[in-house]
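Letters A, B, C and D name the chains as they come in the text, with residue numbers starting at 1 for each one.
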């Protein structure tokens, strides 16, 4: 059979990215407490395409993915990207894996344990240098300092999402980023709370009002202290309970 | 050309629904204050298919829709469905239109005006009888009665969505359903609030704690009083600010 | 602490459903080939609420879920729903679990293996009778019979989704429903295809043109033959490659 | 009342972006054929926040938006961003508006007219320089050259989305970008096609097979010829009808 993909294209532009998107795949990822955790990822994989080839062989991405099933760690991703470069004869390879990750949390008073889900993304590329960006999305509560200050009683609060992206020297645990994110908010949140916990959480949030701007700055202060973090960005989006839109703040360390 | 759709199918089952889904279309709908409002809808259209036909001619749905552009009212939908029955030689025709609808609201203290969006659905079918169901989704705030009761200060609150579906005798205004939904919550919400409004809203919600169960019951009490409403259902989903999941309650009048 | 939920409501309507929505949870489900499979589910849980209670204790849903972690089978779900009835003193309990499920498939010519994802839903309720509905969503290809018939060459085809819901006597394997769905289409699809497979798939689809109406009827014919299936419905949605909307057909066995 | 937002923050980092997200708003935009078009947008608005302020006054974003209702053109957006800079005392202002846009198209043989929806984004920022990026997402059909070449008959094809982003000198019409995108694919698509049109489209696509890589390169060739375009990027995603994932290609002009 003719290999059309290998032929010369009509217009000889090199392409930045060719590949496959939205592949669902079961994964095993490292877990700080339990060694490993089973999850399901949504995956994108790309390489650059030189101007001399018309197309890429999309099936090879799936073959590479298949070969590495169950080994999606910081180290394995570098090996996988090197294989992509070799197999596709490419200068740069790129993979994005997005997956739910669960951490068991203890309610603050009752001590009841429950699992909370965090959306995690590994965004890794390997051109001349290997880059690995870890992104963690952390649900929290923010309570509005302005609302508390101006009101005789009460204060509006809401579910907010902290999104932290980092590039670190070596492994940085998801669990450690989650901790930094949760401690920055008015209060962390839980899947299972008894009434004694609910009282604790309610009062803690009221004692600790935070704008989205405050949360971003508290996290920035913490991440600046981490010597193993080379680059980071922090976004906080608050699903305001007095509006039908969000408040948002963002910082990027250049 | 052969008309394959009109031929006999291999297996002669009558089908409940055949049609088109996810058509985007600009609409003009009735507006209680401003006579009409421009919006953009997502539309599904179906008819039943007798056992004798292999398929339906999907392009005819679009032709019917095109003919009625700009006239999507209670009365016009009945005419449109009758046309669907005639053109497709069908016993039953069905249309679903989902669209954002805006109402101008006045902030409670400053009086500042702003637009709030409500997601609305018209779900109409015409078999032997014409049925028209109006669904309105209303963003509100709920403040937890339990959290208020057990805590020394503060109370968790959050954005919640009230979904009311009704079948009425004649026209029932979207605006009137929105009012019933908003008055049932701890507080209604707004796009634009100055600080005096934020104080008012915060205190109002604290004075008026509501479980999702309470909101459903208050609305049920109101809708039961409306003589023009023949059937209704009410769902309330609260995006809890102490959890990463929702609380939900639902009532249907049989 | 006062137990507000147990108090009398202002308006004494019994509610059809109260509960929790959109809980993410890791699951282990039965796998026909590999005994079990790890996945991550989105879960809703409800009970009815008598007119005498103001609210329900939402944390108990999470406690019940936690207790059953790793045991989400047909049998366990019945036990779980009975526990919900007991703990909430309810007449009816309801659970919905939606999750990705992977099946290893062999490419038709090369024999290369790869995983394909199917979205699965368990929808179970237990009032007087236990009902368990299994829904499987199956990606396939449909090739248009009309386009093939009227064109000198070629025929438009596209990705389509078959959604089959059944209520069966006893266990019915996800894998067996998937097979019925895949055999009904112009061709089944795969994650990994070499060129020999792509040729096979392309020609198979062209030899086997199907409207969405055809696919629904072929599946209906098959499900009618299954003696263990008491009730079913079949929907097929085709993401037309000549339009930006879908074609849809639906049958329900009453 | 105390103005908490104006106070000094605990940690004095300047923030890149503070603002509001996910505001729904009715818009009037310019239309090449009909002068103007009513639509509904999803809007994000941000400014940078100096290290000296704790927070921003979120309500002001809505006030600015309200003032400009009905005037969202290239020129008005520059004025709006200048107002944001003035009102927030900011060095940089940023707005993103995403909305459905409809173009009336004529079927190729029957000449029947119908509306097709394109998702459009205006992404504008004003720091020292005003940047306005227009993004248009265009649904098309791609037919696989490899599948056509290796198969005795037929060829798999599918719905694909072309996403073109440009920065131009002065106004560049949405309609003109759509034309470039549609002409690059195996065939453009329509909402309403009679059988004679379906035959034409089917054969045209078969005569004109295109990989996602081809489509990106054809568009790149065209955009390079446009003297008023200073920067652009092109992404093409194809919802493969033989897989349950997408093929993707991307080019960015630096």
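In the analysis below, a residue touches a chain if its C-beta (ideal position, glycine included) is under 8 Å from a C-beta of that chain, and two chains touch if they have at least 3 such contacts.
As the structure is a prediction and not an experimental result, all values here were calculated from the model.
Where subunit A touches subunit C, the two copies mostly use the same residue numbers: shared numbers make up over half of all numbers in play.
Greatest Cα centroid separation from subunit C: this falls to D. Note on chain placement: the centre of subunit B and the centre of subunit C lie 25 Å apart, centres being C-alpha means.
Centres computed as Cα averages put subunit B at a distance of 28 Å from subunit D. In terms of their C-alpha centroids, the spacing between subunit A and subunit B amounts to 34 Å. Within subunit D, residues 1, 23-24, 117, 146, 150, 191, 193, 195, 199, 244-245 each touch two or more of the remaining chains. The touching residues of subunit A, when paired with subunit B in their complex, are 116-117, 139, 141, 143-144, 146-147, 150-159, 187, 189-191, 193, 195, 198-199, 201-203, 205-206, 239-245.
Taken in their complex, subunit D has these residues touching subunit B: 1, 23-26, 37-40, 59, 62-63, 66, 100, 102, 112-115, 117, 191-196, 199. For subunit D in complex with subunit A, the residues that touch the partner chain are 1-2, 4-5, 9-11, 13, 15-24, 44, 46, 49, 54-56, 58, 145-146, 149-150, 211-214, 216-218, 220-221, 237, 244-252.
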